[in-house]
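Each remark here refers to the structure printed beneath this line.
Chain naming follows the written order as A, B, C, D and E, and within any one chain the residues start at number 1.
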Amino acid sequence: MIKSEKASPKDVIMEVYEFGENVLKKHHIKNIEDIRPFLEVSHKFWLNLCGLENEAVLKEISELFNIHPLTLEDIKNTSQRPKFEEFDDNIFVVTKMIYHKNKSHSPITEQVSILFGKNYIISIQENPYDIFDPIRTRLENPTGKMRKMGTDYFAYTLLDIIVDKYFDCLEFAVEKIESLEDQIISQSKKTKLPEIFNQRKVIQQIKRNVWPTRELLSAWKKSENPLVKKKTNPFINDVYEHVIEIIENLEIQRESISALVELFMSNLSLKQNEVMKTLTIIATIFIPLTFIAGVYGMNFQFMPELGWKYGYFFIWILFLGSTLAMVYYFKKKKWF
Amino acid sequence: MIKSEKASPKDVIMEVYEFGENVLKKHHIKNIEDIRPFLEVSHKFWLNLCGLENEAVLKEISELFNIHPLTLEDIKNTSQRPKFEEFDDNIFVVTKMIYHKNKSHSPITEQVSILFGKNYIISIQENPYDIFDPIRTRLENPTGKMRKMGTDYFAYTLLDIIVDKYFDCLEFAVEKIESLEDQIISQSKKTKLPEIFNQRKVIQQIKRNVWPTRELLSAWKKSENPLVKKKTNPFINDVYEHVIEIIENLEIQRESISALVELFMSNLSLKQNEVMKTLTIIATIFIPLTFIAGVYGMNFQFMPELGWKYGYFFIWILFLGSTLAMVYYFKKKKWF
Amino acid sequence: MIKSEKASPKDVIMEVYEFGENVLKKHHIKNIEDIRPFLEVSHKFWLNLCGLENEAVLKEISELFNIHPLTLEDIKNTSQRPKFEEFDDNIFVVTKMIYHKNKSHSPITEQVSILFGKNYIISIQENPYDIFDPIRTRLENPTGKMRKMGTDYFAYTLLDIIVDKYFDCLEFAVEKIESLEDQIISQSKKTKLPEIFNQRKVIQQIKRNVWPTRELLSAWKKSENPLVKKKTNPFINDVYEHVIEIIENLEIQRESISALVELFMSNLSLKQNEVMKTLTIIATIFIPLTFIAGVYGMNFQFMPELGWKYGYFFIWILFLGSTLAMVYYFKKKKWF
Amino acid sequence: MIKSEKASPKDVIMEVYEFGENVLKKHHIKNIEDIRPFLEVSHKFWLNLCGLENEAVLKEISELFNIHPLTLEDIKNTSQRPKFEEFDDNIFVVTKMIYHKNKSHSPITEQVSILFGKNYIISIQENPYDIFDPIRTRLENPTGKMRKMGTDYFAYTLLDIIVDKYFDCLEFAVEKIESLEDQIISQSKKTKLPEIFNQRKVIQQIKRNVWPTRELLSAWKKSENPLVKKKTNPFINDVYEHVIEIIENLEIQRESISALVELFMSNLSLKQNEVMKTLTIIATIFIPLTFIAGVYGMNFQFMPELGWKYGYFFIWILFLGSTLAMVYYFKKKKWF
Amino acid sequence: MIKSEKASPKDVIMEVYEFGENVLKKHHIKNIEDIRPFLEVSHKFWLNLCGLENEAVLKEISELFNIHPLTLEDIKNTSQRPKFEEFDDNIFVVTKMIYHKNKSHSPITEQVSILFGKNYIISIQENPYDIFDPIRTRLENPTGKMRKMGTDYFAYTLLDIIVDKYFDCLEFAVEKIESLEDQIISQSKKTKLPEIFNQRKVIQQIKRNVWPTRELLSAWKKSENPLVKKKTNPFINDVYEHVIEIIENLEIQRESISALVELFMSNLSLKQNEVMKTLTIIATIFIPLTFIAGVYGMNFQFMPELGWKYGYFFIWILFLGSTLAMVYYFKKKKWF
């Protein structure tokens, strides 16, 4: 979903979903103060905030939800490493979403900070573009788990969608790697090495974020915070397993890329070999012939062969004989 | 065994073996409801189900055997990582079988989900083709362990056969690698690098499944579930040892393949060297001779040598001398 | 900040900051004896000492602050590995700062020993140039934490600034690596391999110091010394996380450099291939032509073709035909 | 010792040594039944059995010594991984001996199963050739430990001799690697890459068996079986240390071989470079000269130079000048 | 210090230092029996023994100091892996010293066995040359720790000197590696690959001994033997830290050498490229020209161009034009 891109850089887009077993209301708020009423109702709500440029808004949020100054720093610093931190009345999770806005470009990494307390979930993104549409859809299902279960389940859902996107990006890279491999083997198209290296970078980009995500989930699993309910554990386990699978796949892809580079280089060597053989065959056949022709082009006054009647005829026999000898030699060496 | 391949995609093939110390009956059922009677008899039974497309059947099974929805998801998702999960009244194991339907193709990976309770074992495969004929044979032996021991022993037997197939696939790859090695060393045949890379892929395919299988067995060994009997432990240990051996062999094969690529590349370099030497020897001998011939082909009015009586004779001596000098030089350099 | 560089080698520069919640005084002292009065006042003070050549000064300090002789050795030995050591009334930390004095040179590594007791912090550097100006600035803020919190917080701040500089150096290296990568891919400029290797060295220089820093921080976190206050723990955790991030980035950069070298080498091969192709095309086209020309330059008395009216015309047709055949052959081989 | 090689494949050679502090008798038995009397005497005995083809014999042994069917399988399966297994009244050890029957061939791997109980040791080999002559010699020493200590000491001795043979094979490989290295550096002889790869295979062959041997010894050390006496512990520790040393050496040799391949490849490149230089020097000098000669071989009616008196003389000056210029250029480039 | 090298191989040199807080006497003894009186005095003594060939002496020592036969074996076997062993009344340490007798040769590895009891330290070396002169000097200092502290401190000092020598050898190798790097980058001198490989071997030689030394020190630190006093612990920690530093440096050097080989190989490729370019430029310019000259050297009776007045002039224009076109092409390709 691309939300209004015209938002001025200082603008922050704030979406609030008020929800409960029987309720679902969506609000677009302009000021963070508009959130206060939600805090007092008995429903849960999700505040999705896009844009980090407006410091004032972030400050207001941090005051409203009692966020530690260091945590606020982590939210603002978009190169923060994914992590899981527990506080007295909320839990803070930093994650990175990786997605393709445009399939012909490299995937984009964007930080998503998630904070959840007893009845609120706040997600803070860098840009208005996001990958959370499936959540909006699921929220609309009045009998879905999203509406019934706690805020930790909601946070899990966000994480789950983020990890699923890792899978998508990985799969997209795998497809590209496989098509590059086909190209190299069939030699149907000129493959450029930088294309291979680009895929290596995508693999690295995912790896860089998926490893700390694993630690994050590990910490979550071990957490004894009352906000983390037992019922959510199997779901977290599920994401954890996905992360392990991604990690294993990344390793396999890393090896595939190394093999690909090797294949590319060896193909280059094979081609070079062929080029050299062509040159050598031609040169080796004609250089001696040219020499012989040169000999009988000399202007010595006394060169008996020149006067022979069949001299020219014999010389052609010499030419052919020498050529055939060379061809035989190359055949024996299996150069053809 | 290739079971009727004509089964329409939506069709699910269901085979039921009712067995006990004195009993062995085989049934082909059409509806999952037909299984209910088996649940009440005192014998054990094995339900082998092929085909995942028919959701209705899977749902019925999950209701009949009280399967958790997440487990059902795992059964349907054919890229599920091998794992071992315990529930209150059954144990769920995901495995992958790897086999050659046709030796000239790459091996095929197929998911097999195994669920066993007190008196039933269910195996769910993707396709009708399977590798479980040895089990069918062993079941027919009235004094065999299959009929006497518990369902965990039956599940072990399935796993054992799957792991044995890994060995077969690995051995087949090893044979191919060794024949490629012989080809490269003897240079009897043109080896294509992609053939080497194909074997690398097979190695990776096995590795990808054998590592999680190790974890699976580790979890089984540590399990304290009453369904897992002490008597079965030495057997599980046995499979575990096989898995370790496969892992060690995979590593050795990985190194062999790297060495093979190195050997291939160095052979290429050696050949290139030989080609270059041939060219250099021919060119170095004849280029100067051609020059000399060219000199005496010039049309200057005043070239004293042309008028000498033995000029032509001397020039041949020069040709021969120069050639011999070159040959001597190459001999000294050990280029021949 | 570059402090007077004219200091004679034996000179030691000593800066003392006396500070407390309401106090901040800066002193430049000449003799270590001048420090004694500070020890008795109720404020804390920071002694920043530059220069290790004057053994007498170091000895006086070690007596004044009751420093163990082995610790004194560690301070003097500028190749000491970073470490954390606790004593009865102070804590001793060896660190390395890495900074760029001049962006076009390699970064410089310099040892900084930090010793802190209940109300003093001593930092001992090799040279007058340092990276601690941010500390001087923060000290001036009367409501800042620097003035309020304990000496362990002060030591943390020094560490934090040092680790931040690692980040800067790493980032600078990353930029260079990326610009080298662009150069290689676009081939806009001749890249020299030694430039790539220089960046590899910088990566190694940082790695060499960041790994023991991690152990140092680990030891600090586990320390139960009363000088290490609980309040400072989250800050130490923060530096620790930075260090982990640097370590992960170093690994990624190490891989990038390997990929870069591979890319460089393969580009070289590609160029070589192109050179060889050019030579082969030219030689393969013209060598046979030259031979034909040579044949009709021979002086045999009986060469019927020479007398033909259209002989010369036919020979040009032969030339053109042969050339076209070759061009067609090269096109088919996709050499153009 | 080469025992009668004429033994028909189905034949099993059985050697029995009855021994005690004062006794040593050697028997050659034909039927396993002949062993029963030894079981009842108070001496210990060693049964050394060669040949696995005769299933009947193995079955009798397994009944006589109460061997578990799975263990019997392990004995028969000659690709069993080395391991240590404890039973109620005996201990079972699978090992591999590696030895050179002929120094010019690759070493041979052969499985040796060892089973020892309170007063018997059974060793089962594949072939009659073995490496246990030192044991036969030591047994003859009436005051040696072999006669005095328990069966576990005897088993240790077998293991010790096997591990010592690993050392011998490793040393033999090391010698070959070093001689290959000398050959490559001195270039005294044409080294074939496959020879290097053969040594790599030997290293791998040893590694494959020495790693599980380490685990085996580890298990032995931790064993609390009454058959394993405390007194034997230092000896087992000794073998363990040897195994560790072999493992470390294998790693070093693996690196040496990699370095050797690198050296080989770089030598090849150096030679290629030299070949190319020779070609380039000759071609670059003579190709322009040949052109000049060609120019004055043209038959234009109006070519003023041809009529000059010193034309031919000048042309030689041109030839020499051009040659000298080229030689100077190559000297400057340090190609000579 | 080079002690009398004329000692016959069977000779053993024995040096005894009797020392205490107020005493230092040096003795040269001939027979091991001469040591007995020292055992009864209240001072400590150090027996430094050089030469392992005389079995009788070693046997006498082992009886005198109650050395276990296996330990005696370890002393004699000069390829013993460094280790730490505790006995009831003494501690046995095997170490390796690595030193340069001659800087232009490879460093030498020599085994030093150290045995210390309550009042004696015995060091046993292979050859008379040793690196322990600093110990002899320190012993002369009557207020030094060597005289005051226990025999464990003495043993530590020996170890410390040995480890310091590792540093020296490493540093010497590093210097060589750096000078090789400079040579390769500046191309001032022909670098031979074997020189790089020699440094790799030195690195490996140190690594081989420093790893077990680390385990040795680890064991020492954990030892609870009364011979190992608490006071000595910080010193052992210090050596331990040095060993860790050496290990880290070895790893860095290993990477440097790999980078060096890569640099060397890529330089080779660059040179090859340059050679090929030179050849290609010359050949590509002159081969077509030679062909044209050849054409007008043909003897056809009817070749109209030959009769033209400006034919020769036009042909030179053709020559120049073709050359310029080629030069332009090469410029565009950036081959110059």
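Definition applied: a contact is a pair of C-beta atoms (placed from the backbone, for glycine too) under 8 Å apart; a residue touches a chain by one contact, two chains touch by 3 or more.
According to UniProt, the chain labels map to these proteins: A, B, C, D, E = Magnesium transport protein CorA.
In this text, all values refer to a predicted model and were calculated from it rather than measured experimentally.
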| item | value |
| --- | --- |
| Where chain B and chain D overlap in contact partners, by chain label | none |
| Distance between the centres, which are taken as Cα means, of chain C and chain B, whole angstrom | 44 |
| Distance between chain centroids, defined by C-alpha means - chain C, chain E (Å) | 27 |
| Multi-partner residues of chain A (at least 2 other chains) | 269, 272, 276, 279, 283, 287, 290, 294, 297-299, 303 |
| Chain-level touch network, classified as line, ring, star, complete or other | ring |
| Successive chains along the ring, chain D then chain E then the rest | D, E, C, A, B |
| In the complex, chain D residues that touch chain B | 70, 81, 83, 193-194, 197, 200, 204, 208, 211, 261, 264-265, 268-269, 271-272, 274-276, 278-279, 282-283, 286-287, 289-290, 293-294, 296-299, 303, 305-312, 315, 319 |
| Of all residues in chain E, those that touch chain C in their complex | 185, 234, 238, 241, 244-245, 248, 252, 255, 259, 262-263, 266-267, 269-270, 272-273, 276-277, 279-280, 283-284, 287-288, 290-291, 294-295, 297-303, 333, 335 |
